[in-house]
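These are the structures, in C-alpha cells.
You will see two complexes here that share chain A, one where it goes with chain B and one where it goes with chain C.
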Partner chain A sequence: MIQSMDTKYAYAVSRIRVIEQQMLSGNVLQRMIEAESAEEAFKVLKEVNYGFSANDSSVFDYERILNEEFDKVYQLLMEIAPNPEAFDLFFIKNDYHNLKVYLKAELSNQDVHNQYLAKPSLYSPAKIGDMFRERVFADLPKIMVEAIGACFEAFSKTADPQLIDIIMDQALYRHMSALASKLGNEFISQIVTINIDLANLKIVLRTKLINQGWDFLEQFLIPGGSFGIDFYQDLFEYEFKDFPKAYAETQYSQLAIASMESYKYTDSLAGFEMLCDNYLVNLLKQTKFAIFGIEPLVTYLLAKEMEIKNVRIIMVGKINHLAQDVIRERLRETYV
Partner chain B sequence: MAVLNVNPTRMEMTKLKKRLAVARRGHKLLKDKRDELMKIFLDVVKKNKELREQVEELLTQSYESFLVARAVMSSEVLEEALMFPKQSVELNVDTTNLMSVSVPKFKYSETSVDSDNIFPYGFATTSSDLDYSMQILASALPLMLELAESEKTAQLLAQEIEKTRRRVNALEYVLIPQLEETIKYITMKLEENERGNITRLMKVKDMMLEQTYKYRERLKTPQ
Partner chain C sequence: MEFLQGDLIGTILAVLGAAFAFVLTGIGSSRAVGVAGQAGAGVLTEDPDRFVPVMILQALPSTQAIYGFVIAFLIIGNIVTGQPLDFGSGLILFLASLPVGIVGYASAVLQGRVSVAGIHMVAKQADSMIRGVILALMVEMFAILSLIISILIIGKA
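Here is the complex of A and B:
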C-alpha cells in the first residue's frame, strides 16, 4: 500500500472520504443500463444530483451535465487541496488539447468553436486565442512553446495535421512527467508512467493494425515510460499473439494476456482500451485506505474521470438504443 | 379518330402517304431505341441496387463503430481529432454519351500518398474504434461516388425512356392512325368521285343514245 505522512492533507482527505461515498456504484450504473429508455437512465443522474442543472435539462444535454460534474470535481479539489498547483499535471492535458484546436484552426483557416475546447484548463482558451493572434507565446511554459514551434515547422514542411497531434501528445506526456518529478510523489509518477506505457502499447497495436512501418511508429512513441525505444522496436516485430511474452516480466503481463485474448475474440481493440482503464482503476484502489497525503485526492479525481466516462458510454448507448450487452462490455470498472 | 383537315386530292394523298411512311420508320426506330434504353436501364438499376446495398452495409458498420468511439471519447477530443482532415479528394465530373443521353462520369483522386494512413489525429488520446470507423468510411467513399454516378445515370435514362415512350405512343396511337384514316378518307372520297363520274358518264351516254335513237318515242308508238 502506498502511504504518505503528509498531514496537511488531513482535512482534504477526510472530506474526500465522505464525498467519495456519493460516487456512482456499479449497482447504480447497472440500473442506468437496465433502464427502459434514455430518459429513465437520465433520471438516475438527476437523483444523484449530477452536474449543476440536471433537473431542468433534457437527455440530450448529458454532455453538458458531464462537463458540469467534472467542473464540480475541479472546484472541490481547488478548494480543499492545500497546494492546488499539484493537480496541474492532470488538467494540463486540456491545455494541450486546446492548443491542438487552435493550431489546427490556425493552419486550416477555421474558426475555433467553443464546443471544441476542453475545460478546466490552466490557461484560459481566450488567452491562448490572443497569443495565436499575436504569435507571442512567452507566457506559456517552455515545453509548450517549443511544441508549438515544432508544430508550425513540421506543418510547413509536410502539411500533415496528424503531426500536430503527435508532437502535442508527446509534449503533453513530457510535460506531465516533468511536473510529476517536480512534485516528487511516487504515486503520481507511477500513474504518469503507466499512462505513457499504456499509450505506447496502444500506439504500437494501432500502428500494426493500419499496416504502417517502424519509421511511422517511431515518431509516434512517447518517451519517458518504463520501456526504452529498443523494447518497442522488438515488440513491433512480434505478432499480436506473442505480445504477452514481451510483457511477461513486467507489471503489465496480466493486462497483455487479457487484451490479446479479447482481441482474438472480438477483432477490436475496444477490450484492450477498457482493460487499460481498469488497470488504472485497480491501481487507484490501492489508496483506498490512505489517511494522509495527496493520493486520495488524485484517486478521487481520476476515479471521477472514469465514472464520467462510464456515464457517457451508458448515455450514448441508451440514446442510440444499443443493446445492454454492448454497453456492458465497454463499461469500465468502478472505483467504489 | 379525327381526320386531318385536308383537301381530298390525289396530291394531298401522295403527301400523306409519304408522311405515313416516315412516321412508320420513325416509330420503328424509336421503339428500338426505347427497348435498348430499357435494357441498359435495367442493367444500371441492377448495379445500382447492389451498390446501394454495399454502401448501406458499410455505412451502418462505420456508424456503429463511430458511435462506440463517440461513447468512449469526450466530444471535445472527438471534434478536435476530426477538425482538420488529412486527406482531400479531387473530383472531376465529365459526361459520357450513353444512347445519346449525357450521363455523368466521376473521376476522383486522393491527395495523400499513403492510403493506409488516412488518420488526421494522434493515437495517444483517441480510441481505436475511431480508426475502424474511418477505415470503413474511406473504403465506402469510392463506392458512394460510383453509386451517385449510377443513380444519376438511372434517373437520366428514366427521363429519356419516358420521353421516348411518349413519342412512340404518340406515333403509334395518334399520328399513324390519323394519317391512315385520312388516307382512307381521301381514297374513299376519290373513289366516290370516281363512281359519281362513272354514273354521270353513263347517264350522259344514255342521254346521247336517247338523242340519237329516240328510244322512248319508239317505245310509245306501237309498231
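Here is the complex of A and C:
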C-alpha cells in the first residue's frame, strides 16, 4: 500500500474521494455494451453527464465528448492540486504529439488541421504554430528544443518522416523521466519507469513480428527504464515463448507469462496491450486507501484516462456493430 | 539567574509545567483539527449534505487540547500567590505535565489521520460516520490514560 504524509493534499484528496464515486463502474460499462444500438449506449453517457455537451450531441460526436471529459479531469486537477505543475509530465505527451503534427506539416509543406492536435497541452498549439513560423523555439524546454533540432537535421538527411516519431518519442520519455526525478515522488517515478519498460517490450515484440534486425530495433529503444540495452539485446535473441524467462526475476514476470499465452492463442498483440493497461490499473489500486499525498490525484487522472479508453472501445464497437463478447474481451480492468 | 536558587524556583517549575501541558496538546490538536478540516472541506465542496458527520469527525482530535487545559488548570490551582512552592512540589507539578503533553500531542496528530480516513469513509458512504468515530476513539483512549496519570501525579505534589 502506498502512503504519504504530505498533508498539503488533504483537501484535494478528500475531494477526489467524492468525485471518484462518479467514475463509471463495471456495471455502467456493461449496460453500454448490452445496449441495443450505439445511440442507446451513447444515452448512458448522457445520463452520467459525460463531457460538457453530451446532451445536444449525436452519437458520432462521441470522440468530442470523450475529449471534453478528459478536459474536465485536467481542469479539476489544476484547480485542486496545491502544485499543478506536478502534473506536467502526464500532459506533456500531448505537446510532443502536437510538435510531431507541426513538424510533419512543416516538412511536407501542409497546413495543420485543428482536429489532429491534442488537448490539454502545456503549450498552446497556436503558440507552437507561431514558433514554427518564426523558427524561434527559445520558450520551450531544452529537451524539446533539442528534439526539434534533431528532427530537422535528421529529416534533411533522409527525408523519412518515421524518424520524427522516433526522435520525438524518445525525447518525450526522457522529458517525463526528467520531470519525474525533479518531483522526487516514488509513485510517479514508478509509473514512468513502468511505462518505459512496457513501451520497450512492445517495441521488441513488434520488431520481431515484422522480422527486422537488432540495428533497426536499437534506434527505437527508450533509455531510462529498469533494464539496460544488454537486456534487450539478449531478449531479442529469444523466441516469444521464452520471453517469460527473461522477465522471470522482475516485477513483470506474471505479465510476460500472460501476454505470451494470449499471443499464442490470438496471434496478435492486442491481448498484450490490454494486459499492460491492466498492470497499470492494478498499480493504481494500491493508492485506494491513501489519505494524503499526490498519489490519489495521479491515480484519478490515470484511472480516468483508462475509463475514457474503455468508453472509446465500447463506442467504436457499438458503432461498428461488433458482438458484445468481442467488445467485452477488449475492455480494460476498471479502477472502481 | 539568581531566581534559580531563590524561593521562586518551585513556582517557576510549576508554571513551566502548566505551559508545557497546554502548549503541546494545543499544537497537536490544532494540527489535527486543521488537517481534518481541510479534508472535510474537500468532501463538503462536492457534497454539502454531509456536513454533520464531517464536522463530528473533524472535532474529535480537539479533546487533547482540553485535557492539556485541564492539567494546566490543576497545576495553576496548586500555585498560591504570595506562597512560593518548594522545589520538590514544583518539580512534581512539572513532571505531571509530561504525560498529557507528550502523549496528548502524539495522539492528537495520529487521531487526526484517522479522522481524515473517517472523512474519506463518509465521502464514500454517508452512513459510515459511526464506524469512523469509533476508530478515531481508539486513539482517544491513550490521551485519556495520559490525562489520568497526569492528574494522579498532581495529587502527589
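The rule is short, and it goes like this: the second predicted complex is superposed on the first by the 336 of 336 C-alpha atoms of A that agree within 3 Å, B and C clash if a C-alpha of one lies under 4 Å from a C-alpha of the other, contacts with A are read in each partner's own complex, and residues count from 1 in each chain.
Basically, a contact is a pair of C-beta atoms (placed from the backbone, for glycine too) under 8 Å apart; a residue touches a chain by one contact, two chains touch by 3 or more.
Just so it is clear, the model here is predicted, and its values are computed rather than measured.
When both complexes are superposed on chain A, chain B and chain C sit side by side without a clash.
In the superposed model, A:F240 makes contact with neither chain B nor chain C. Contact with chain B, but none with chain C, is seen for A:G317 once the two complexes are overlaid on the shared chain. In the superposition on chain A, A:T7 makes contact with chain C only, while chain B stays out of contact range.
Contacts of A:M168 after superposition on the shared chain: chain B is touched, whereas chain C is not. Judged by the touch definition given at the top, the superposed model places A:W214 against neither chain B nor chain C. Of the two partner chains placed by superposition, A:F60 touches none, neither chain B nor chain C. More residues of chain A are touched by B (comparison of chain B with chain C).
Between the C-alpha centres of chain B and chain C, as seen from that of chain A in the superposed arrangement, lies an angle of 160 degrees, given as a multiple of 10. After superposing the two complexes on their shared chain, the closest approach between C-alpha atoms of chain B and chain C is 30 Å. Residues 63, 66, 93, 97, 100-101, 104-105, 107-108, 110, 113, 115-118, 160-162, 164-166, 168-169, 172-173, 199, 202-203, 205-207, 209-212, 216, 220, 222, 268-270, 272-273, 309, 312-313, 316-317, 320, 322, 326, 330 of chain A are the ones touching chain B in the complex.
Within the complex formed with chain C, the residues of chain A that make contact are 7, 10-19, 21, 80, 289, 291-292.
Interface residues of chain B, counted against chain A in their complex, comprise 65, 67-68, 70-72, 74-77, 79-81, 83-86, 116-117, 119-125, 127-129, 131-132, 135. The touching residues of chain C, counted against chain A in their complex, run 35-36, 38-43, 45-47, 113, 116-117, 119-120, 123-124.
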